[in-house]
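For reference, the structure discussed in these notes is given below.
Chain lettering (A, B and C) follows the sequence in which the chains are written, and residue indices restart at 1 in each chain.
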Amino acid sequence: MSLLSVEGLGKSFDGLRVLRDVSFAVQPGQRHVIIGPNGAGKTTVFKCIIGLLSADSGSITVDGRDVTGLPAHARVSLGMACTFQKTSLFWRLTVEENLHLALLARKPYRFRLWRPLPWHADLRREARELLEEWGLWSRRDHRVGELSYGEQRMLEIVLALASGPRILLLDEPTSGMSPAETARAASLIRELPRSVALLIIEHDMDVVFSVAEHITVLHHGEVFLSGPPERVRGDERVREIYFSGGARPHA
Amino acid sequence: MTRATGTRVPWPGVAALALLVLLLPLALPAFGVGIATEIYVMAIFAMSLGLIIGYAGLVSLGHAAFFGAGAYTVALLGERVSNTYVLVAAAVAVAALLACVSGALFFRSTGAYFLMLTLAFAQVLFAAAFQAESVTGGSDGMGVSVAPDLGFGEISGELGLYYLMGGSFLLCYVLLRLFVSSPAGRVVRGIMENELRMRALGYNTFSYKLFAYTLAGGVAGFAGALYSYFNLYVTPDLLGWVFSGQALIMVIVGGTGTLLGPAVGAAFFIVVRNYVSFYTEYWALIMGLIFIFFVLLGRGGIVHLLQAGWRRLLAARAPRRPREGRSAAGSAKERAP
Amino acid sequence: MDLSALAVQVLAGLTYGMLLFMISVGLSVIFGLMGIVNLAHGVFFVLGAYIAFSVLGGGAGFLIALVVAMVAMAVLGVLVERLLLFRSYGDELGQVLLTFGLAFIIADVIKMIWGNRLQSLPTPSLLDFSVSVGGITFPVYRLVVVLVGCLLALLLWYLESRTRIGAIIRAGVDDREMVAALGINVTLVFAGVFAFGAALAGLGGVLGGPVLGMYPDMGFEILVLSLIVVVLGGLGTWKGAFVGGVLVGLVEIFGQAYFPSLSLVIVFLLMAGVLLVRPAGLFGRSPAS
C-alpha cells in the first residue's frame, strides 16, 4: 500500500484553475521528485498535501487514512513533515531553542503549565543528538538570523526530522544555494534514512536525477508524466515543456 | 545547559519586590498609599495585556472589555452575594468566558482585522452598559456595596486595601511568570515568532492562542474585580476603548516582551497623569506625546532602556578589553524586541 | 407602520450611511494600500467639522468652510504621513500605535481650542427647508448629503476603473511590493491617498455637522463605526465602504429607533454575521495563502 496517495486533486483560485485531476503515489522510503516549469502548480500541490490549502476536489491519503479534511497540524502527527521554499524558522531564537520547540511538539508535556522548559532533560538530550548528527552542535548558541543560508536550510530539515516523520516534503530545498552548498545538500538528502520517504519539489536537474527514484512531471496543473527517472529523462516532450519558446538546453 | 533566556521565576527578585510592596507605605506621603494601590490594580491589568501582546503576539484594543466585565460582575452580583471568593471567582469566570468566546470568533481574522474586531467588541460592551440604565446605572455608573473579606474580617482601611492589592499583584506576577516559562508558555511564544512554522511542526496554534487569550482575559477580570473593591464605583468607560488604549500605552511605554514592563508602565502612567493633571487638564496630550516618543524610539519601553543602561554600566566597569565597547552595544541591540 | 415616518427614517439612515461611507472609504483604502489602520481617522472627521465651525464663525459661507476644512485635512494628512508614519513602514504595530497616540493628542487639542461642549454646525441657509414628495416631507439638506455621497461613489468608480491612478491603487492593494518594483513613485501615491482619505473624512465631518453635531471624543466613536463598516465591507475597496456604510447607517438608525439600548450590539452582530459567511467582508478579497 502506498504511504501517500494523491487522487484527483483539483484546486482553483478566484475562478482560475490551478490544479486539475492530479494523481500520484509515494511508496514508503521512496525518493519521489516533482518537477515542472514555473506556474505548473507544484507549490499548490505541496500546500494541499501538507494541509495549508484545502483542495476543491480529490483526496489525500496517508497509509490508507483519508487526511483531506484534516488541518495541517493534525497531519504532522500522522507522520508528515515539511520544509518551505522560503526558509521558515524562529529567527530570534537560537539553533538549540529552535530544535527544542520542534521536539516539544511530540512530547506529552507540551501542554504543561508548570515546570520551566529547560528542566526537561530528555528534550535537551535529543536536541543535542540531532544537532551533533547534522554538524550544527557548534552553532547551537547562535541565533538563526546569524547562520549562513545553507546552514539555515539544513536546520529547517533537521526541525522537520525532529518529529520522526514517515514522509518528508521538501519544497525546493536547494533554491538560492551556491553550487557547493547544493552539492552538499544533495548528498545529505541522499543520506537521509530509508525510514523516511521523500517528496521533493526541485528545479535543479542535477539534484533531481541524483536523488530521484520516481519523478512526477507537472504541467499546467496536470500530471504530464509519472515514472522512473530513465523514462522521464528520455522523453522529448518533457524537455519541450521546460524549454518551450526558449533555446534547447545542452545535453 | 543553555541559558533559558531569563524566564524562570526569579525568586530573589520576587522576594525583593515583595519587600518593596511591604515597606513602601512607610516611605510614601499620605496620599501616596492610595495611588500605589491604584497602580497595583492597573499593573495587573497592564501585565495581562502585555502577556498577549508581548508573548502571544496578539494586539488587542479591546482588553478593557474583560476588565470592565470583571468590575461590573462584582458590582452587580455584589448586590446579592457578599462572599468575596465567590465574587472574585465569578468576575474571573465571566471575563475568561468573554475572552474565550471573542477569541474563538476573532482569531479567524488576521492581525489588523483582529485589532479592529477587539476594538468594536469592547465598544459594544461599553454601549450595552451605557444604555442599560436600569441595570447598570447607565453613564452614571453604579456603586459597589461590598467590601473584600478574606475570612478574617472586612478590609476597608486604606492600608488594608493597599496590602490586599499589593499581594494580589505579586500573586499575579508569579503566576504569569510560571506560565511564560512553562512548556505551554514557550509554545505560545513560538507561535508569536512564527505561527506557520509552529503549525508545520504539529502544534494546534489556535488552541494555544485561545488559551493565552482566555488566561489574559481572566487576569484582566481579576484586576477589574479588585478595582471594584478599591474604587467602590464602576462606570461604563471601564469597558471602552479609551481605557483599553490607556492600558496599551502602559504596555508600550513600560516595554513589551517582559512581564514587569507593563507594570512599570502602569506606575509611570498613573504617576505622570496625577502629576500633570495638577497643572493642566490636558494630560492626555502630554501622555500622547510621551507615547509617540517611545513608539518612535522603537527600542522598547522604559524597562529596556533601563536594561541597556545597566548593561552599559556593567561594561564600563569591567576590566578593559579591546572589544568591550562593541559588546555593550551589540547586546543592547540583541535585547530590543 | 407609518409610511411617512418610515420614509424619513430611511432617509436618515441613508444620510448617516453616506457620512460613514465618506470616512470609511479613506480608512479602507489606506489600510488596503499601506497596511496602516489609521486610528486617527476619526479625528480627521471631527477636526474637519470644528475647522468649518471656526471658518463659519468668521463669517464665511458653508461652501467656503467646507473647502477650507477639506484642504486643511488633506494637508494634515500629508504631514502625518510624511513626518510620522513613513519612518515605520514595515512595522505595522508601530504604525497603529502612532496613529493611536495621535488620535489621543488631537482629541485633547480639540478640547483646548474649542472646549468640551457639544457643538453643531448650522444647516446652510440655502438648503434649510423641506420638500414634499408623495405626501411625505423630507429635509432637503439630508437629500443633498445623500446626493453628494452618490456623486462621490460615482467619482470613485470612475477613478478606479478608468484612470491609471485607479489601476495603480488596485494593484497596490493586491501587491504593494510589486507596485514599488514597477518604479511607480510609491511615496507620492501613498501621500496622495492618505491626503485624499483625510480630505474625505473632513468632508464627512463638515456635512455631518448640522446633522450629528460634534464633540471632542466623537472621533473615537465614529471611528468604531467606520471600522465596523470597513471590516464588513472589505478592506481596500471603496465599494465595500459604500455598501457597508449604507448598511450600517440604516441598521444603526433603525436600531436606535426600535432598540435604543442595543443599536451598536445589533450593528456588531450584523458584522459578525457577514464575517461568518464571507471572512474577508462583502467585497474584500480573501488573502492569498
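The criterion applied here is as follows: a contact is a pair of C-beta atoms (placed from the backbone, for glycine too) under 8 Å apart; a residue touches a chain by one contact, two chains touch by 3 or more.
From a predicted model like this one, the values you see are computed outputs, not experimental measurements.
Visitor: Hey, which chain is the most central one here, using CA centres?
Guide: If we average C-alpha coordinates per chain, B lands closest to the whole-structure average.
Visitor: Where centres are the averaged C-alpha coordinates, which chain has the largest centre distance to chain A?
Guide: C
Visitor: I'd like the Å distance between the centres of chain B and chain C, where a centre is the mean of that chain's Cα atoms.
Guide: A distance of 33 Å separates the two centres.
Visitor: Measure off the straight-line distance from the CA centroid of chain A to the CA centroid of chain B, and report it in whole Å.
Guide: Distance between chain centres: 41 Å.
Visitor: Between chain A and chain C, what distance separates the C-alpha centroids? Give it in angstrom.
Guide: That pair's centroid distance is 47 Å.
Visitor: Counting only residues that touch at least two other chains, what does the list for chain A look like?
Guide: In chain A, residues 52 touch at least two other chains, as defined above.
Visitor: Residues of chain B touching chain C in their complex?
Guide: 59, 61, 105, 108-113, 115-117, 119-121, 123-124, 127-128, 131-133, 241-242, 245, 248-249, 252, 281-282, 284-285, 287-289, 291-292, 295-296, 298
Visitor: Inside the complex, what are the residues of chain A that reach chain B?
Guide: Those residues of chain A that touch chain B are 50, 52, 71-74, 76-77, 81-82, 84, 88-94, 96-97, 100-102, 104-107, 109-118, 120, 124, 140-141, 143, 159-160, 162-163.
Visitor: Taking the complex as given, what residues does chain C use to touch chain B?
Guide: 31, 35, 37, 39, 84, 87-88, 91-94, 96-98, 100-102, 104-105, 107-109, 111-112, 217, 220-221, 224, 227-228, 230-231, 235, 260-265, 268, 271-272, 275, 279, 287
Visitor: Can you check the complex and tell me which residues of chain B touch chain A?
Guide: Contacts found on chain B: 1-2, 4-5, 7-9, 178-179, 181-187, 190, 193-194, 196-205, 334.
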